[in-house]
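Multiple structures are listed underneath, in structure tokens.
Look at the two complexes coming up: chain A is in both, with chain B in one and chain C in the other.
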Partner chain A sequence: MLLPAVLAVGIFAIIPLIGMFALSLTDFHLIKKWDQDIGFHNFVKLYNNKRFIASVEVMLLLSVFGVFFQVVMGTLIAVGLEKIIPRWRFMRGIFVVPFVVPAVAVALIWLSLLTPTLSPINDFFELFNITVPPFLTTQYGAITAIVIADTWASYPFVMLLILAALQGISSDLDEAAALDGATKIQIFFKITLPLLIPALLMVALFRFIETLKHFPLIYIMTKGGPGRSTQATNYFAYIQTFQNSNVSYGAAIAVFLFLFAAIISFFVARANARINDA
Partner chain B sequence: MQLKNPVKNLFRATAVGVATLLAMPTQAAEEINVVLFSMSYTQGLAKLADDFEAKTGIKANIEVVGQDVFENRITLTFTGKTDDLDVVHTPVIQLQRWVAADWLQPMTKSVEGMDTKDDILAGPLDAYKVNGEQWALPFFAEAGMMAYRKDLLAEAGYETPPATWEEVLEAAAAIKKDGVAGAAMRVAPGQGFNMFVFPMIMRAYGGKFFANYPDDLTPAINSPESLKGLEVYSSLMNDYGPPGIGNFNYNEVAAAMQTGQVAMIFDGTAVAAWTLDPEKSQYADKIDLAPIPTGPEGRSPAIAVHGLGIPAGAPNPELSFQFIEWATSEEVLTKIAINEAFADFTRASVASNEEVIAKYQSIHPKFLDLKVQMLGDAIGHYRPLLPQWPQLGAAIGENINAAINGLMSNEEALAAAEEEMIEILEE
Partner chain C sequence: MPRQDRNPRRLLGILMMLLFFGFALLPIAWALILSFRPASHLFEPIWQSPTMLTLENFRSLLRSDFPHALLNSLVTAGTSTVLAMLIGVPGGFALAKGRSQKRFIASWALLLLRMAPPVGFVIPLFLIYLNIGLLDTWLGLIAAYMVLTLPLVVWSSWTSLAQIPDELIEASLLDGASLFQSLVKVVIPAARPGLIATGVLAFLIAWNDFFFALIITRGNTVTAPVSVMNFVSYASVDWGSIALASVVLTLPTLPVIIFANKYIVQSMGGAVKG
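Up next is the complex of A and B:
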């Protein structure tokens, strides 16, 4: 029964992964036609590459802030719809809409909204003589813009998983607390939130790994700019592989991203296990 | 590290095997597979696929994809050696890199044997010669052009468009007011974005990429001449450009002109299609075209050439060339020039076709003449024709963009660009 699944994982996940690792240990270059084994030299080069280190910093900023806002927003909407104003549950369908918009379209929507000459937001504030500062032309403004676009597109994923988790929490607990005189806010912080922590950890992990990959938002909204301010690590890998023809170096960056995601997953899984054991 | 090679080989064999399996159904004898990226010509060509089949009995599968998808797809196809493509869109800016990587096969003899070879514009045709071989036939040659608002310039006291970049700065200063910027150009970082337009100003002031291209490739962008060019570009964009210009690409430049938010734009010949069509442009009747301005060292309009090449692994190069000859023929280029907004054709006979002349004169009486003038003024190595250019152009473009957005000074940007050029060439 398991054989087809094992074969599929083997062919489509394990073999490419081994291949990528093997490639990262060479100096394979499309134009120079090098193809020698050079051990871990690409990884040493990465460690000493300021642009790579800067790309990791950009990636962490985008991931940490992106995941934080997505989790907060998704959780608040889920709890709001499920616990605070249940009669608005029908709104779930509307809140889910951004999740089904393809990433390229998300990027184009937010590029238009944040380009002053195209944006209805700017037109609106102009009515009151308020000038909205351009987001995409400053370093932190551009990072903020990508975080906003990613949050908009991805909070529904968090919301859906937290809604599912909330279904699993017995309403008896809330009712008992309410009988004891607890307010809704106290119930949320003292009962609901602690019970949601395993789900929150897992959803944050999923989103964190996903944010390591957000290429279309960067490619379409900023092209890695201004300057190189939004060249996150996977964008840097793309530049090395497709623009600079340095395939083995790009593979080394991909191996780094894989190991980074694997290590984060390991710690989150361990934390989750401890919470469940407690 | 001997143990690793079997693993590497296993991976490569698997990749090639999977790719071959995927490619197999498309390899029927009387079919030809063509991959192009989206432009008015390629969209027009895809609509004429049935004409090719009617003429030759060969079915042409013409796939038109976005430019970003195209580049990734082609790199994977070429490196995976899937051999499933017969004809590939070949931008001249990538030519040296593809030839160096052995991704194309030459078509020198086939081109020499063509009856209508002399009808092809010599500049674009020669742009596809590397190491004495012909690697593609051109279908598109675009040169720099300016579009401007006659009414806004007249209000500011200009009856004719500014002829020099200094005059552009003065006019932009006189025009700029609430809601209307003086000028806009691409600023987004990239060899195909800000590096398509910035060299127009840099070269006009005498700036150059190398000490003496192609004989002496010592990077020389960090010069007083390039600095003057960058100062003009920076001032034009930051002092007189629309808000948010630091991230503008061609779409935003076009939209700003179409909606009346800017008085002058400088880009490729596409400015005509963007601004003179009343369905796209709210101020079409108030817009006119002009040559790219000059500087102390003359005029250097941007130039971009696109053509069709034969991938190294194409199984039947004669069949591939038959398609390319048809797709770049007078008949097909004329049809596309009439059916689409496509005036960047590469055959002299199309430019003298009465129907084509009538169509483009009705849009703008001097458009075709202006295009020929700009193509004549452009230098073939406007962007240096080197295998490393995509990498060099990106590095320079990123530093230039950082300067425009205030992340570093103009001097620092040119110094960093030159330093990175040296590093890239020494690698």
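Up next is the complex of A and C:
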């Protein structure tokens, strides 16, 4: 019964992937139609390309800050739901809402919130004569804007997984510590948090991979700009392939991203196997 | 613990939750307000003319190709979900209950397929489609969405079906059912909630796609998320229609919230058992 699935994965997923690897070893250009095997020359070119290196830096910047804020916020909300307002169960559903908003809508909503002439945020602060710094027209502002939008859309994922992990932690430990006179804050940092670490690592890895694939947020909110300041690697591959017609060069960038994902997913799969065996 | 309830620390905690609540919901409230704002009052503060609301955005949305794009989204996301379930659930069953030693490789491969950069799939697909005429067709888009839905369905039905007790399957096999009959008549009904959640998530992922549709569709089969971009032009941005379209795009995904607490965890992470 595995056979249909294996065949289908082979047709729909593996064939394109082989195509990606094959293309990365040629110099295929959509308009000039060159098609020669040039071995690993594309990868040497990538290694020497300052724009590529800069795109990796932007990608890591977006990922590290995005994942950090998502994990912190998701965890705080999960712990809050569980310990501060445990009786308000319907709040769980409400906090999940941003998670189901499609990425395109996330990007457009935050684009509207960060467009100074339109945004109610700017209107509000102008009541107090405060000028909100422009987000989308400065380098770090644009990066911050994408991190904010991504945090808004993705903290519920962290929250859901941490809620599940919290429910697996026995309350006996908390109660024993409380009897010994530990405060709630002490209990959180000394007992709950250490027990959450495996779940936190897993969730961070998952989100890290997802943030490497940012596309709608960049495409809609910043177009990679201002300048090239939000041109993350995935977006850079898109530009090279579909705007500059450098198909093989784009494929080489995709191979780089693929290998990156392969390494991280290996660790996730191994951790997963260990948890399931235990 | 009634005394601790009046703790100022608890007040601080509630304040924190309130802040997060605002951060979570205000952008959605803003999108809803924007959907009903007339173009003439877009750029003035909302509290200056809070009652200036209109349905003109609905009319402009209906006049555009957005309804047709919604149909494209529905057909392609729906078909690829159904196909992925038909092919993927038996695969998940085999992985959950078979004696294969290749489970680690399978789980790594499935994870990798879900994590691999879409641009890596899209470049070869674009060239293949260009040559065999599948660009801008339902069939091409459905095939592309299988890349997204199939690994998710196999992975997620694997975790769902692993929880069905072996005895249930063995009993039906002893009654003379074939393995396939046992899957259809016994296992799938027993695992129905988890499998429904799997299907809903697969649909959600295809429905939300922007990147695949941007590259391999043109005028005819453009999907709703890509079609929204038509309201953005260099001359002007039709914010009201954009907001309304964003709200409409979100509506079919809302049922996911019902499954969220229990099943998203197992389907998305599958890893954190606590």
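Here, the second predicted complex is superposed on the first by the 264 of 278 C-alpha atoms of A that agree within 3 Å, B and C clash if a C-alpha of one lies under 4 Å from a C-alpha of the other, contacts with A are read in each partner's own complex, and residues count from 1 in each chain.
Going forward, a residue touches a chain if its C-beta (ideal position, glycine included) is under 8 Å from a C-beta of that chain, and two chains touch if they have at least 3 such contacts.
Since the structure is predicted, the reported quantities are computational estimates derived from the model, not experimental observations.
Participant: Specify the outcome, clash or fit, for chain B and chain C once both structures are aligned onto chain A.
Facilitator: clash
Participant: With the two complexes superposed on chain A, say which partner A:Phe68 touches: chain B (first), chain C (second), both, or neither.
Facilitator: So A:Phe68 meets neither chain B nor chain C here.
Participant: Figure out whether A:Pro226 sits in contact with chain B (first) or chain C (second), or with both, or with neither.
Facilitator: A:Pro226 contacts chain B only, not chain C.
Participant: Tell me which partner A:Leu118 touches in the superposition: chain B (first), chain C (second), both or neither.
Facilitator: both
Participant: By the touch definition at the top of the document, which applies to A:Gly19: first (chain B), second (chain C), both, or neither?
Facilitator: A:Gly19 contacts both chain B and chain C.
Participant: Count the residues of chain A touched by chain B and by chain C, then name the partner with the higher count.
Facilitator: C
Participant: Taking the superposition on A as described, I'd like to know which of chain B and chain C A:Phe43 touches: first, second, both or neither.
Facilitator: It touches nothing on chain B or chain C.
Participant: Now for A:Phe242: first (chain B), second (chain C), both, or neither, which partner does it touch?
Facilitator: both
Participant: Under the contact definition given at the top, report the residues of chain A touching chain B in one complex and chain C in the other.
Facilitator: The overlap between the chain B and chain C interfaces on chain A comprises residues 15-16, 18-19, 23, 117-118, 219, 241-242, 247.
Participant: Would you mind writing out the residues of chain A in touch with chain B in their complex?
Facilitator: Result: residues 11, 15-16, 18-19, 22-23, 25-26, 30-31, 33, 37, 39, 114-118, 122, 131, 134, 136-139, 142, 219, 222-229, 239, 241-245, 247 of chain A touch chain B.
Participant: Going by the contact rule at the top, pick out the chain B residues touching chain A in the complex.
Facilitator: Residues 1, 4-5, 7-8, 10-12, 14-15, 18, 68, 71-72, 75, 79, 97, 100-102, 188-190, 193, 242-249, 252, 255-256, 259, 261, 387-388, 390-391, 394, 398-399, 401-402, 404-405, 407-408 of chain B touch chain A in their complex.
Participant: Of all residues in chain C, which touch chain A in the complex?
Facilitator: Residue positions touching the partner: 4, 9-10, 13-14, 16-17, 20-21, 23-25, 27-28, 30-31, 34, 42-43, 45-47, 87-88, 90-95, 98, 100, 103-104, 107-109, 111-113, 115-121, 123-128, 143-144, 146-147, 150-151, 154, 179-180, 183, 204, 207-208, 210-211, 214-215, 225-226, 228-229, 239, 242-243, 245-247, 249-250, 253-254, 256-258, 260-261, 264-265, 268-274.
Participant: For chain A, which residues are in contact with chain C within the complex?
Facilitator: Within the complex, chain A contacts chain C at residues 1-2, 4-6, 8-9, 12-13, 15-20, 23, 73, 76-77, 80-81, 83-85, 91-105, 108-110, 112-113, 117-118, 120, 123-124, 126, 152, 156-157, 160-161, 163-169, 184-185, 198-199, 202-203, 206, 209-210, 212-213, 215-216, 219-220, 234, 237-238, 241-242, 247, 250-251, 253-255, 257-258, 261-262, 264-266, 268-273, 275-276.
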